[in-house]
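Below are two complexes that have subunit A in common, paired first with subunit B and then with subunit C.
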Partner chain A sequence: MAFLEIKNISKKYRGRYALKNINLSIEKGEILSIAGPPGSGKTTLLKIVAGLVKPDEGSIVLEGRDITDTPPHLRGISMVFEIPPVYPDRTGYDNIAFPLRLKGLPENEIKKRVYEVAELLGIKHILHRKPETFSGGEYQRVALARALVTNPTLLLLDEPLKSLDAKIREQMSIWLKELQRKIGVTAIYTTHDPLEAFTVGTRTAILIGGEIKQIGDPIDILEKPSMLEVDEYVSIPALNIFTGRVELEDDKLKVIINNVFLEKVIDKTLRERIESGKEYIIALRPSDIKVSTSPSPHSFQGRVLLVQYLGSRTLASIEVNETTIRAILPRGLRVGEGDIVYVELDVDRMRIYDPDSKIRIA
Partner chain B sequence: MKKVKLEVKNITKRFGDLLAVNNVSFEVYEGETFTLLGPSGCGKTTTLRIIAGLEKPDKGRVFIGGRDVTDVPPRERNVCLVFQEYAVFPHMTVYDNIAFGLKARKEPEELIARRVREVAELLGLTSVLNTKASKVGLSEKQRIALGRCLVVEPEILLLDEPLTLADAKIRETMRRELRRLQRELKITMIYVTHDQLEAMMLSDRIAVMNAGRLLQVGTPREIYEKPKNLFVAYFIGSPTINLIEGKLVRKDGKLVLEKEGLVLDATKLLEEAKGVGKIIGREIVIGIRPEDIQIDPSGHGVWKGEVELFEVSGDQLIVHIKLAEETKIRAMAPFSLRLRTGDIVGVAINPDKVHVFDRKTGERIDLLSIGEA
Partner chain C sequence: MKWGRIVVTSLKYIIIGVFILWVLVPVAWIITLAFKPYQEWRVAYFIPKQPTLDNFIVLFKPEVFTGVMGATAIVEPVTKPLINSLVVSALATVLAVIVGFFSAYGASRYNTPGPFGIFFTLLTRMLPPATFVTPIMVYYANLGLLDTHLGLIALYSSVTVTYAIWILKGFIDAIPVEWEEAAMLEGASPTKVLFKVVLPLVRPGLVVAGLFIFLLNWTELLFALVLTNINAVTLPVHISKYVGAVGQLYGPQAALALIGSIVPVTIGYIIQKHLVTGFTFGMVRG
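After this line comes the complex of A and B, so read on.
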């Protein structure tokens, strides 16, 4: 039995599904990331778990106990929001001590626990300062400390890093993961950024349009997206999507995109799932496209439209037969805008989606 | 010959006790995208507002096209500040939103119609011109905000973090669109952001700021490959550069970094570098970018360490490797390298990719130039 079970949860607003038949389970000591674009239902789901919103259908089971009708303050769950309310007129210490004082704990016990959690989060130096002097990361950690100090059985983190600068967000997401390893906190973490979800979470669930589209570890989701929507969502930089006619010939799969042929050897199970002569959606990430300055048997000729040097990698937009292909340039290859290059699609990295259901076939 | 469009000369601005902008000078060339980049509170927005004329500097001058505009009011500077998408008037049509600036100037109706249509065409807004602004998507709203400025043909376009509200996906598209558009129009653009990746994607040149000071101006490549100091090295690049500090000493024929009893052999990294003799005995910081480190699962390389943690970055893994108790580095690895937590791996590093900084001043030490000097 899982630590927390979210069972068949649905919620409608004005007749439209905000969440549809959500099933998730969280093990003790893990962080489950929920990644999805804005408006996909992440916050609603967390609020249902916290008891702040009542689901239309389904139940929430915590350690075997159905808590669907339990009021929020009796659930033993703490929630940290995107911009957590930290009292500006109180010191870091008083902010963190606040929930313990509400519980009427003795002052020496409060002090002990505040210092413990401040030590853990690396914020002892700001305990006697007012929030106006905190950096973004410190502010967020004070909010987190206030949630952790009550020893919640489950922590709900709703886009806690969203309003932070990019650099601090990178540090904080690693730091959260290290914290989780250290103290084994059980948490649900939401974010609109799939890569942040992958870093923080033990597992990640992809929530799009109120439905869970896939759950798994990052590499699984990245390498085997369940459907085109997931592939598009997790692909940063953006996915290249083509339409291609597919033909089967002996043990070979041929793909024809515009006037370019690609082929690869495939196994029997895949042969049975592909209909020869039909058009499919072909998706390739920019890192699956090889660019060179000389032609090869399976390459397309193209013209460089835009080069974006990003330091560790260089991203190029290349016009081929009136479609724009985005590719990561190999390190060391220097090309400029307007240059003619040759583009090769990595046939082994190519993903094939059904044009109607958009479900991945290969 | 590049023509200077904007010159900011020794600008200083104080807000009470806070020195928001500290003696900042730079030039922006005609037709380039120039980005002011730095963390919250570094002074980038104040600098932009001084250029727009919305703040008056305590000291220093601002020149646009050679003309001293320091005391010229904002509307007479011929610059336009693009506000965020939420500044679009929702009850007006897209057409009226874009036409706003021209109508305010009481331009003739047919000129307005022509300019609005041209700009709408350029921004891909033609089909929604008669739609209420409240009915269009975020990406369109962003383009409307931009269109409002383009239509008045300013000499310089100023943008203050216009993409912060958009989600990752829209942001990526907008960065590409904005870059393409700027190239097409050859407009001079000054952009403000805290996001280094955004700065790299959009800019011809970047000015890195911290705590009111301008630390380095250069192309994305110059800033990435030759950061002038520790802050720039740290701030540019994701995942962040690995920084290892210590005193460089010669011990038993080896070059080692010493710090609080910990010793890290740096012989293979530094022995070939010209001028290394002159930094022996000094407190230094070595910087190595994660993508310049290759992991060898069989344990060979410059150093050895234990795999501690993984992150995922799109198409690669970021592997955290513990070299010693307080010394950890991050390296990139393909998914196919099946590593597990606890594995002992070697790391190979190309000595040419090693950056060296002075620990006290934070300034870059160019070993080659020391050798030549």
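After this line comes the complex of A and C, so read on.
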């Protein structure tokens, strides 16, 4: 029996599915991250778990108890929202104490618990300041303190770091994961950034268009995406997508993309799933493409169209036989626009998708 | 080039200067007129040659100077209209803001009474008040509300509540729904959410709406003129009495105008701080 089970949850808004048949189970002490592009239904899902939104179908089971019809405040769930619920008219202390005062706890007990949680989150120094003096990170910590002060059985974090800038977001996501491990609270964490989801979550679910497309650990999702949509979503920088004709020849698979020929040795099970002579969608990440200035047996000649600097890496758009390929340049290789380079596609990392269902075949 | 700049700058200051004169001269005129003796009321200079407080004294003790100022009858002392105005304006404001707050919350969060309904509340502001003052007078005559404080409070608050709704709706719209949902998750009932989360957050809005509505009530003339007679006469009605049947008592009228403006100016000064926070509300840090 899992700690939290989300069973067949569906929700429609104006006749359109916001969530469709969602099934998830979460173990005690785990932090599950849900990654999905904006508008994929992440917030709606969390609000359904919290009880703020009623699902059209399905049920929520927490610790073996069906809570689908339980009012939100009796579920023992805390939620940190994208716009953190820190009220600008009162101090950090009063914000964190708010849920305890609602419960009518004695003031000395409140004080004890607020200071405990503030100590844990390292925000004791801002307890007696108004939110207008908080930094972005402090703002989030106060919101988190408010959510934790009630000792929730389940913590829901809805894109809590979205409004922070990139560097602080990275720090905070690691800090958050360590904190969760330390206090052992079970949590669901949503984000639009797949890499952040991989950092924070013990497991990650990919939610696209209101449907869970894949659940697993980061390596699984990155290396074996279930479908093209997932591959496109988790691939940063953006994926190379080609349409190519596939031909089977003995134990070899030949792929023809425009005038580029690729060959790969494949096993029997794969042979049965591929139809010779048919067009498939071929996907390759920019990091799976080798670029060099000298030719090698399997390389193609191409011309550099554009060079982009992405911090530690450099991305080049290269024209090969009228096809544009985006590739990460090896460290130390410097090329300029218009230069001739040689491109080698890593056939082992090539993924083949069915053109109709977009499901991964190889 | 340089001359062009000078010309533009001087033009700018001339326009501003004219505008300031346009606004301030009548005010200055009223202030000086209030301190001028009877002989100087109609003269064309600002500074009174023999400044006096007679104009103020006659407001409260009309029997003392009336004959001297060329009046043919006695105007009642100002005490009662002054108290009436304070009571009526204050109570009508409080009522309008309270009703407005609840209505605005419903309009903002539950979309009641629908987009057309909320627009409909502005209807009373789209017609000239003169069009409905007569029917109201007929109703009030039948209800026994003519010349009563209650009658004025009821009318003022129902006319101004639409401003309260629209001002407060803006403030409530600026509060993220998540802030209320967080409190609900923590066990706050809808009533508690309203009083412990929303109300403290819109306090600046209440001040802004309250001040605005108080000023409207304080200066309202038409309804008071038609609906009151002796008992519930308000300050604007009383001010109008100094020039007319009793004679031309410009001095006392100016003095009363000055007294009448002290209340809103004082209130405005005291709540200045709230006004500023009121207009910069809605900060969510990025």
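Assume the second predicted complex is superposed on the first by the 361 of 362 C-alpha atoms of A that agree within 3 Å, B and C clash if a C-alpha of one lies under 4 Å from a C-alpha of the other, contacts with A are read in each partner's own complex, and residues count from 1 in each chain.
We take it that a residue touches a chain if its C-beta (ideal position, glycine included) is under 8 Å from a C-beta of that chain, and two chains touch if they have at least 3 such contacts.
No experiment lies behind these values; they were computed from the predicted model shown.
Visitor: Looking at the superposed three-chain arrangement on subunit A, would you call subunit B and subunit C a clash or a fit?
Guide: Superposition result for subunit B and subunit C: fit.
Visitor: Who does A:183 touch here: subunit B (first), subunit C (second), both, or neither?
Guide: neither
Visitor: Between subunit B (first) and subunit C (second), which, if any, makes contact with A:170: first, second, both or neither?
Guide: first
Visitor: Which chain, subunit B or subunit C, is in touch with more residues of subunit A?
Guide: Looking at subunit A, the partner in contact with more of its residues is B.
Visitor: Applying the touch criterion given at the start, work out whether A:270 contacts subunit B, subunit C, both or neither, answering first, second, both or neither.
Guide: In the superposition, A:270 touches no partner, neither subunit B nor subunit C.
Visitor: Based on the superposed arrangement, let me know which partner A:146 touches: subunit B (first), subunit C (second), both, or neither?
Guide: second
Visitor: Is A:136 touching anything from subunit B or subunit C once the two structures are fitted on A? First, second, both or neither.
Guide: both
Visitor: Treating the CA centre of subunit A as the corner point, state the angle out to subunit B and subunit C, nearest 10°.
Guide: Nearest-10 rounding gives 70 degrees.
Visitor: Of the two partner chains, subunit B (first) and subunit C (second), which one does A:72 touch, if any: first, second, both, or neither?
Guide: Once the two structures are laid over each other on A, A:72 reaches subunit C alone.
Visitor: Look across subunit B and subunit C in the superposition and give the shortest C-alpha distance you find, in Å.
Guide: Between subunit B and subunit C, the shortest C-alpha distance works out to 8 Å.
Visitor: With the touch criterion stated at the top, can you tell me which subunit A residues are shared between the subunit B interface and the subunit C interface?
Guide: 136
Visitor: Can you check the complex and tell me which residues of subunit A touch subunit C?
Guide: Against subunit C, the touching part of subunit A is residues 47, 50-52, 72-73, 77-79, 81-83, 85, 87-90, 98-99, 102-103, 131-132, 134-136, 139, 146, 150, 163.
Visitor: Give every residue of subunit B touching subunit A within the complex, in rising order.
Guide: 39-40, 167-169, 172-173, 176, 179-180, 183, 194-198, 200-201, 220-221, 224, 235-240, 289-291, 309, 311-315, 320, 332, 335
Visitor: In their shared complex, at which residues does subunit A touch subunit B?
Guide: 37-38, 136, 165-168, 170-171, 173-174, 177-178, 181, 192-195, 198-199, 218-219, 222-223, 233, 235-238, 285, 287, 305-306, 308-313, 315, 317, 328, 337
Visitor: In the complex, go through subunit C and note every residue touching subunit A.
Guide: Its residues touching subunit A are 176, 178-179, 181-188, 192, 196-197, 200-201, 203, 283-286.
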